[in-house]
Amino acid sequence: MKRSHYLGLYVIIAIAALLPFVLPNDFYRDLATRMALNAVIVLGLNLLVGYAGQVSLGHAGFVGIGAYATGILTSQFGWNGVVAMGAGACLAGIIALVAARPIFALKGNYLAMATLGLGIIISMILANENKITGGPDGMPVPELVLFGIRCAGASTWYWVVMVVLVLSIWASLNLIDSPFGRALRALHGSEIAAQVVGVDIGRYKLAIFVLAAAYASLMGSLTAHYVGYISPDIAGFQHSIELVTMVVVGGMASVYGSVVGAVLLTMLPQALTAFEGWDTAVTGLVLMLTMIFLPRGLVPSLAQRLAKLRRGG
Amino acid sequence: MTTGAIYALSAIGFTLIFNASKIVNFAQGEFIMLGGMLTFFFLQIELPLAWAVLLAILLPAVIGTLIQRFAIDLAKGADDVVLVIITIGAATFIRGIIKVWLGKNAHSLPPLLDNAPIEVFGASILPQSLCILAITAVLVVALWYLFGRTMTGKAMLATSFNRTVAQLVGINTGGVQVASFAASAALGALGGVLITPIALTAYDVGIMLGLKAFVAAVVGGLGNGRGAIIGGLLVGISEAMVSGYISSAYKDAIPFILILAILFFKPSGIFGAKSAERV
Amino acid sequence: MMDLLEVRGLSKSFGGVRAVDNVSFAVDTGIYSVIGPNGAGKTTLFNLITGLYSPSEGSVCVGGVDIVGTAPHAMARLGIARTFQNLQICMNMSALENVMVGAHLRLNRNIIWSHLRLPGLRRRDRELRHEAAEMMRFVGLGDYVDAAASALPYGALKRLEIARALAVKPRIVFLDEPAAGLNPTETLKIDEQIRKVADSGVTVVLVEHDMKMVMNLSDRILVLDSGKKLAEGTAQEVRSSREVIAAYLGTRS
């Protein structure tokens, strides 16, 4: 891959490292942490939606699985935090595995509906199984001890999440440029062409679905420990839409787009606190306008504009 | 059964739009919501019931037209994904505006007829339900006639199969698309007006109702009018049965389990047709 | 000795229509063309052989192994590549990447390892880039090595598909109407390319409408009409076959 693609990563590392010294208080640090958490989920989702071209409207379900798996296993069974996270990711992966084969036989709208249905069923189960999950009111989550580090306090969490973000971006960039990544993009460009060169499109879609589910689950677990409290909303339809909005606004099939999308849309509700209650309307508007005028999302459209300028066009 | 009729109405709406433009309109649910909420609003400002209902059906039709004109038309030729997301965006936007304008509370409406339940074959039915079923039946017949017998209906079907050819034959495809959105919105709104006296209405009922109506449309076969109706009734009845015999907590999950089942076993729905991609 | 490709009694019905009816032929090396009037079943035959359709009857043997029932994506592993009449190019990638993807099966595709930038993988990728560029030059697309696929004109895209097919390093390649939509100059270029491909040792089977090209290029020709085999032989034999003339020009009453 061209060296320039990794340039963005260095920029992000620099920003992440310097940010705490620039931010005025803990509130902003919290915001940055949430942005990063979302960004990693979106990275995974973008692989599925942007690169592989498979619409998924139920992704928050996997976030919820991760969150509740950690929550339940650590608080009610006393499991170690890292192991619980791993278990959550495995569970999410298994569900994705089982659901993927039939789901990906579908196209377009049907695919959207199937993923939607999956997400909603997960969130309903989480909301209804009161005894285990604490029902619609949610449940508290104990502190996380990550490889010997006590994750408490805004500062520790910030660095932990930033490291995870940077690693995820790096890994995603690598993946896109690898033969696997090429096959994925080919699948999106033309399923028939991909097949003809030997890509088993069924297996690839499955693999990327499971991968995205695992990312979401791990981040769900981290979010659970970070916030200290979870409720079934985390797996809800609304959250799924927010995630898809981040992918779409930031840029489909764009690693940096995922980050930009997550940053912008995590910031949005904060920016709108003055206009109480308008967040839903604005999210909807943003979604529509971006899709109509910038269907490829911010980052790819900007990149295109820049490329044209450079060519003197 | 009653809810089934409502789902059926909205499912027909989905079918209309899908038939005219191969788009699935995720904002359909919001039209149902608008029907109920707008009627409530107009009653609040002291409009007579008939006017309130009429406006509550016309306004969504106008909004539907706007969505079609601005959102869908502008994004001409875009991916499926993009169009789906646009309608979701529209839905979210409508929901957001209502949330801000009319608040988050739930409201009800006075029923069309008397409130006392009638005994029929040992089960008690609300007069409102009968109303709904009757109106739905009438509409269904009207639509069947429209699609099967009239030129307009056939024009709509032609547009959905191949826009270019339809244009060549002289069909006003733009008009057909707009009409389909408007009609679909009106149908949804009507459903909303009818169901509100029984179930409440609030700014966020659109999500669930819309999704379930979509399930109904898919179960019956996307694009098939008869299927939409049967699908709607099926979903409604299944919900009621699960709610009564198993557990009412999971009542809402039934439509989604249904849709997953249908999508896995017979994606084209009960009456749907298969489609293939030519190489 | 057995031929590379042996088709025996291949038939396909769609509902009541017999699109391909008991077709048999064998190809070993060189250029083999399938021609016939419109609707003769040529593309259906192709799709049958390359696994996109499943036959109602018959067998297709490549290197002695019956490949009927093999999934389309398993064809590349068997050394079978093809191009498409309607072009299946991945417009979301660069021209070079379209060719690189042809080498898919020859690389490490493990999802876990792909997340890391292992030096071995990177080296292999660099080598592949050179190989793919070479292949593009081979089909005369040297000028487009750095271009996006969407920037290529139609004629170039057709050659790009051939380059991709070659990247699979196939034993046999199926070209579906390679000259369709091309002007005379471009057709000559394609003609050259196909000859080069065959000379490099890859067996070529093609479907084509352009008679001149077919007659010039082919070692042997199969003529189909209404799904049935009408004639088979060298260009000379086919040209003078009465059945063929009748099918194309109609019999005199």
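A, B and C are the chain letters, set down in written order, and residue numbers restart from 1 in every chain.
Please note the rule applied: a contact is a pair of C-beta atoms (placed from the backbone, for glycine too) under 8 Å apart; a residue touches a chain by one contact, two chains touch by 3 or more.
Just so it is clear, the model here is predicted, and its values are computed rather than measured.
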Chain closest to the middle [Cα centroid of all protein chains]: A
Taking each chain's C-alpha mean as its centre, the one farthest from chain B: C
Rounded Å distance, chain A centre to chain C centre (Cα mean): 41
Where chain A and chain B are represented by their mean Cα positions, the distance between them in whole Å: 31
Cα-centroid distance, chain B relative to chain C, in whole angstrom: 48
Of all residues in chain B, the ones touching two or more other chains: 279
Overlap residues in chain A, where contacts from two or more other chains coincide: 192
Overlap residues in chain C, where contacts from two or more other chains coincide: 84, 88
Complex contact set, residues of chain A against chain C: 171-172, 174-175, 177-183, 185-186, 188-190, 192-201, 207, 211, 253
Chain B residues within the chain A interface of the complex: 24, 70-71, 74-75, 78-82, 84-86, 88-97, 99-100, 207, 211, 214-215, 218, 222, 249-250, 252-253, 256-257, 259-260, 263-264, 267, 279
Chain A contact footprint on chain C (complex, rising order): 50, 71-77, 81-82, 84, 88-93, 97-98, 100-105, 107-111, 114-117, 121, 125, 164-165, 167-168
Residue numbers on chain A that touch chain B, as the complex places them: 49, 53, 55, 57, 102-103, 105-110, 112-114, 116-118, 120-121, 124-125, 128, 192, 237, 241, 244-245, 248, 252, 277-289, 291-293, 295
